[in-house]
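First chain A sits with chain B, and in the next complex the same chain sits with chain C.
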Partner chain A sequence: MLNKLRSLPWLLSTLLIAAIAASPLYFILTEVQKPTQEMWEFISEEIEIPADPADTSPPENEPSPLQNYISGSLIMLAGVTTLTLIIGISTAWLTTTFRFPGRTTLTILLCLPMAIPTYVMAVMYNELLEPHKFSLFLWIRDTYSPAAAAQCSIYWKFTLAILILSLSFYPYVFLAARMAFKKQSQAYIESSRILGRSITSTFIRISLPLARPSIIAGLTLALLETINEFGAMKILGIETLTTGIFSAWLDFDELNSAVRISAIMMLIIFTLLILERLLRGNKKFHTHRSAASENPGITTSKSNITIIYTTTLAITTLAFILPIYKLIQQASLALPDQNLQPYLDLILSSSWLAIRASILIIIAATLLAYTARITPKWWILLTTKISLLGYAIPGAILGVVLLSVKGTLHQSADSTAQWLFHTTVTGLIIAYAIRFLTVGFNPIEAGFKKINHNLDEASTSLGRNKLTTLLKIHLPLLRHSFLAAAIILFVDILKELPLTLILGPSNNDTLATKTYGLFAAEERIPEGSIPALILVATSLLGLLILSTILKDKQP
Partner chain B sequence: MNHQQTTLTAKNISKKLGGKPILKDISLNLIQSEIIALLGNSGCGKTTLLRIIAGLETPDQGTIHLSEKNITTLPPEKRNIGLVFQDFALFPHMSVKKNILYGLHNLPKKQRNTRTQEILKTTSLTEHQNKYPHQLSGGQQQRVALARALAPSPSLVLLDEPFSNLDASLRENLRKTVREILKKSHTPAIIVTHDQADADTVADRIITMTNQT
Partner chain C sequence: MRTILNKTAAILLLSLTALSAKEVTIYSYRHYEADKKLYKQFTAETGIKVNTVKAKADALITRIKEEADKCPADLFIAADVGRLVKAQEEGILQPATSELLQKQVPKALRDSNNFWTGFTVRARIIAYAKDRVKKGEINSYQDLMLPKWKGRVIARSSSNIYNQSLLSAYIANHGEKKAFLWARAVKNNMAREPEGSDRDQMRAVAAGIADACIVNTYYVGLLTNSKNEKDRQVAEKLAICFPNQAENQTGTHINISGGAVCKHAPNKANAIKLLEFLTSSKAQSTFSETTSEYPLIRENATSKLLKSWGPFKADPIPLDTIGKHRKAAAKTFLKAGWK
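Entry: the complex of A and B
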């Protein structure tokens, strides 16, 4: 009992963070129960086509905008699942099973697409393919029919979108699969080979099933990003639930309708998360002793190595080299005439915003992780998990919800409330914190886990309380974790688009919103390529620093 | 602190871990500056009893008194009981000196350094005081762990399998060293071990524990 009381401040902080993180969900639930607004009918109901008297077949209704949004999101999810699994697993397998010169470089190259924001990649591909697209469609129209050309244009749209998102997000699956394959014990694979199975067969029957939990986790990250995607979808002309939310809010100015669409989206996301839990299963795969030694890989024939290089370089070209080339080319068109000063200001203001949010997140994540460490009761662990839910709430939804919360608070004329949101920037930082808390939490929790509990107990036996222990023992030992968290957070927040578009102050752009604005709204591709290039360069720098830190930490 | 009066009395301690009874109605008495050993095989509950005395676990039943004061529910940081861990648990980011200084926050500033140098001398670590744990040998690390526990002049020192992480060849010397250091500082101690030789060399009195279940 006395123990619990002493931990009270820690417990309260966790509960507070969880309450803030879960509040958007609560808001969605209450808002959905209010009466619908004007445009909801338009959004949700099928468009009836009056029956043609000459037509004997029953009248078919056009799908409602809502149905289009849902099918758009589902198609994207299905497509990205397939393609990221194929690309991610195959490249992970090739780079872990076999040993060949240049493997480390290839591995790094395969991770680089993470540095390019999806909306940038979408625009670059549009630029690359635009001339060819038209000639292709014209040919189809002439050879077949206008209807066929129209149909093809839809297939093209979706194929390109699925391709672009898969090329952007396969690194999540790649890294997860790689980690799983590397941790697998050589003993299992060798047993399989000795029992007569080929390399491929061993892969399918042994390595892959053992890696399943990890791969599913990576895939879920990719899918959460997919459903959250706004910029690329808008640029490629695809309607999804996210674009629907934007449309309801920005075009129709109807908060309630936007929230309704958000509710449907959250249902899909919860289904996704439940599926993930089920597929990951409760199996605790026992790690054989020999897993401690890293598998150096099988040496293989020159022709196989050629295949490996061809495959991975092809992917890298599509996912990284081609978009970067186009980006640099476009930027160079605009650079000579540009005054760079506004861009420097933009870099500073965007960075400062990202830094502030990152610091807030790291503090919150440390509180959460430490409280769970000192009071590992089931309800604390549950509360911690709830705090991390924010990652599953798409940026668009968060933005819409927080805007309306702000509106309600303003109306209540409460002075504290007004102070809280006195600048939209504060609201934006809180929104970033809710959304990206998980991203900061994971490396910090991993760092905590590496610190033996003995050290906590030693500190206690020497008369120090929990706060002192955290400050004097844990924090210094968590330096690497904080740095890793800070870098990932900084890069992610810098690139963030949907949340910032909705919640950001209208007169203050970030690098991301400026890029998107120039690309999409103003269609000034060369000018937009400059901030885009800055974004990519920053992300690349962050990725490289991160990989250096992680390499140093290897035992 | 007059250690001649220090007594530890543990009465009727019972503890279940994970549903299984580990300790059933155990009582223990420690008088003046004696060193006792809890000798037993793994699973007999000796480490659990030690952790209960240290305050890292609470007993399901029973009481603990330290010099007449009931400390059964007192949190570990208030008990002034030193603890030496099996794997030493030295703070890796602090030098030997800083590790020892860490527990001296209750002393007035001027006395902290004096006390640190004093304990460094008792444990023959003066020339290593600026080194970091990873730069020390196993035997040296163990002495640091002991020094750190003894520096705040605790009423009692608990040692959990202090020699099991060390080479067999070191153990004989270290047993004698540890006993010497404990006796020099007049601090009563309880050492938990499964090794008969440890108990024989270090302790004044041996209590054998057998598996409770």
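Entry: the complex of A and C
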């Protein structure tokens, strides 16, 4: 009983966070229960092409737009899953298992693509590859047929989209897998090696299964980003559920149909998450020794090192160096007549916004993860999972949903609403928190999982309460997780667009909105490349500062 | 002592309210840097501070609706008449005009009930490859339906508002059935599925992927004046045609960027002042140079490029009619399989 009472503040904090984070879900559920609108019925039916004398093509039934959206999304998900897993896990394994000169530098290089917003990457790859795309198209058209060329351009855009998204999102898997491999108990690895397994076999039989929860967490983020990607899909001309949501909302003025499509999307995501949880069952993945013993890596032959360098540098070149090269080249075209002074303020305000939001998210995520640890009841786990669903809602839909929350506030407590949304950016920060809670939660939860429960019990038996245990035992052990969370959060929020545009107060320009304005609205690539480049540089600076802190703190 | 304090407080309060009235808040879909310069000029001339919130037009409409009577927006600015009409239908605007506005804005380019006012004009035209298409081979939007253009046409996605407005106008002029046949035939003539922006269509035509594309006039301007040499080379290879100029034809489809005073505007007078400023000859003279858009009176365009195109006949259909058919247009595109 006493124990239960002690957990009460933790339970309450979790419920409070869940209540705030789930407010958009409530809105979505009520919308879905309303009768369907015209567009919903229209897009879910197959298209019948009426007989028409002027139309020479034979009458045919085409798949419904909804089927197109779903298949587009599934192709993207399948492709990105495969590629991010291959790239993320292999690079993480190579850079943790082996010890070689330049390992830290390579590790940092592999994280850098995170600093480039996906739509910027898409624009730059378009610039880079367009001539080749054109020559391929013309060659196929002239050697085979125009129809084959048209078909080829469809394959091209899907391949390119999968490549771009995977290059953008593999760092999620890389970071998660790397942390897992690094923290793996050496006892397991050494036993396996002594028992005669090769390094590769040890990796497949021991390291990989042990790293599974972390890798899945990283992959989940990559997939959620993929399914919600709008900018790059638009640029490359691919129809997915997310572009369908926008079409329903913008072209048909049917917010209800848009919400309905996002509900389908969330259902897919929720099913995937639950499925993974069921498959994982009750297995525990913490190490049996103190987590402090880190994998130091083994030395290896010169030829192996060459292979490692070639793979990682090839990936870095594709994911970072090439797009940055193009970005710099474009920016230099517009640089001569630009006044860079205003950008300084923009860097400071954008970073400060991202820092504040990151701190709020890390605190909320720690509360959630710790409550789930000390009270591992099914309903707590469910509440936690529900609070994390903000990431599954497309940014713009979340923005619109929060607008209606804001509208309600204006009517009931106007001064609070004014403060939240008009005089300060507090409302925007809370919106970021709802959207990015998962991003902060995953590494922190994974970090908690790696801490042996015996430590908690020892602390309790020594008479420490839950708060002291958290502060004195867990927080120091979790610092790697916090930094991993902080890195991803800072960079993600810096790049965030839809919420910033929809909910921001007056005159709230950020580097991302500035880039967007020039790229998307004005289509002035050279001019837009300047804020884009500054955005990337700011993210990089954040990454570097955090990774320096990380290195200093290492024992 | 106390009275002095009271007086200072009162004066402070008064000057604060006076200050707060010296501003105007815009919710704008236009992200142009050139607009920012114009706003600065407006502030310098009138002392009225300009606050901006920039987002997609539909998000702004939802935001104004949700903020209701607490909405700080005075002016809603959209880059397309469809969104202005949508805002009007949603009931978030109020009629507002002035003698100056009536004088400065041609009747066809503002709402008959004064809900919105245009301040720049663009035309949706056909750009084609100079070396593969003879001058005069394409004369109308309908020409793109002909079998001879099979595999030679490209256009951007149908979810794009400029295509939707074009098809809305088509529906208003010729009816839904004919609009469907047009969209279907053009879709069947496409060299590839729609992808990318207007600019990308022109680059593809210059590269030989297709021979003709549908684009907005100012995108041609953007390419011609681009900082990127490759873009300028693309522009070199293209010629443009203002479609449907013959006597029995409708004229080229045009659209506007425009502003509208919000229903609960706290600074209505300032909003009107800003609209007057944007439609004044001084501001109008800048658009053709900065954003390659036409001014309200097209003959007054100063940019070399726009002048070189000469005058053209615009589709005289009232702009609000276009706005009213926008949903039918989106549906027609979807039916026609134009992605």
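Quick notes on this structure:
We take it that the second predicted complex is superposed on the first by the 361 of 555 C-alpha atoms of A that agree within 3 Å, B and C clash if a C-alpha of one lies under 4 Å from a C-alpha of the other, contacts with A are read in each partner's own complex, and residues count from 1 in each chain.
The criterion applied here is as follows: a contact is a pair of C-beta atoms (placed from the backbone, for glycine too) under 8 Å apart; a residue touches a chain by one contact, two chains touch by 3 or more.
The structure displayed is predicted, hence computed values, not measured ones.
With both structures placed on the common chain, the touch criterion links A:250 to chain C but leaves chain B unconnected.
Residue contacts after overlaying the shared chain place A:546 against neither chain B nor chain C.
Judged by the number of chain A residues each one touches, C leads among chain B and chain C.
Using the contact criterion defined above for the overlaid structures, shared-chain residue A:530 touches neither chain B nor chain C, since it reaches no partner. With both structures placed on the common chain, the touch criterion links A:433 to neither chain B nor chain C. By the document's definition of touching, of the two partners only chain C reaches A:400; chain B does not.
Contacts of A:176 after superposition on the shared chain: neither chain B nor chain C is touched. Taken together, the two complexes place no residue of chain A in contact with both chain B and chain C. Contact residues on chain A toward chain C in their complex (touch as defined above): 39, 42-43, 47, 49, 52, 54-57, 62, 65, 126, 130-131, 134, 137-138, 141, 146, 149-150, 153-154, 157, 234-237, 239, 243, 246-247, 249-253, 255, 330, 333-334, 396, 399-400, 403-404, 406-407, 410-411, 414, 417-418, 422, 498, 501-502, 504-509, 513, 516-518, 520-527.
Listed in rising order, the residues of chain A touching chain B in the complex are 2-3, 6, 452, 454-455, 457-465, 472-473, 476-477.
Every residue of chain B that touches chain A in the complex is listed here, in rising order: 54-56, 58, 73, 75-78, 80-83, 85, 87, 89, 91-93, 102-103, 105-106, 148-149, 152. Contacts from chain C toward chain A in the complex involve residues 25, 29-33, 51-56, 58-59, 62-63, 65-68, 70, 72, 79, 86, 145, 147, 150-151, 157, 159, 161, 164, 181, 184-185, 188, 190-200, 203-204, 207-209, 219, 222, 226-228, 291, 326-327, 330-331, 334-335, 337, 339.
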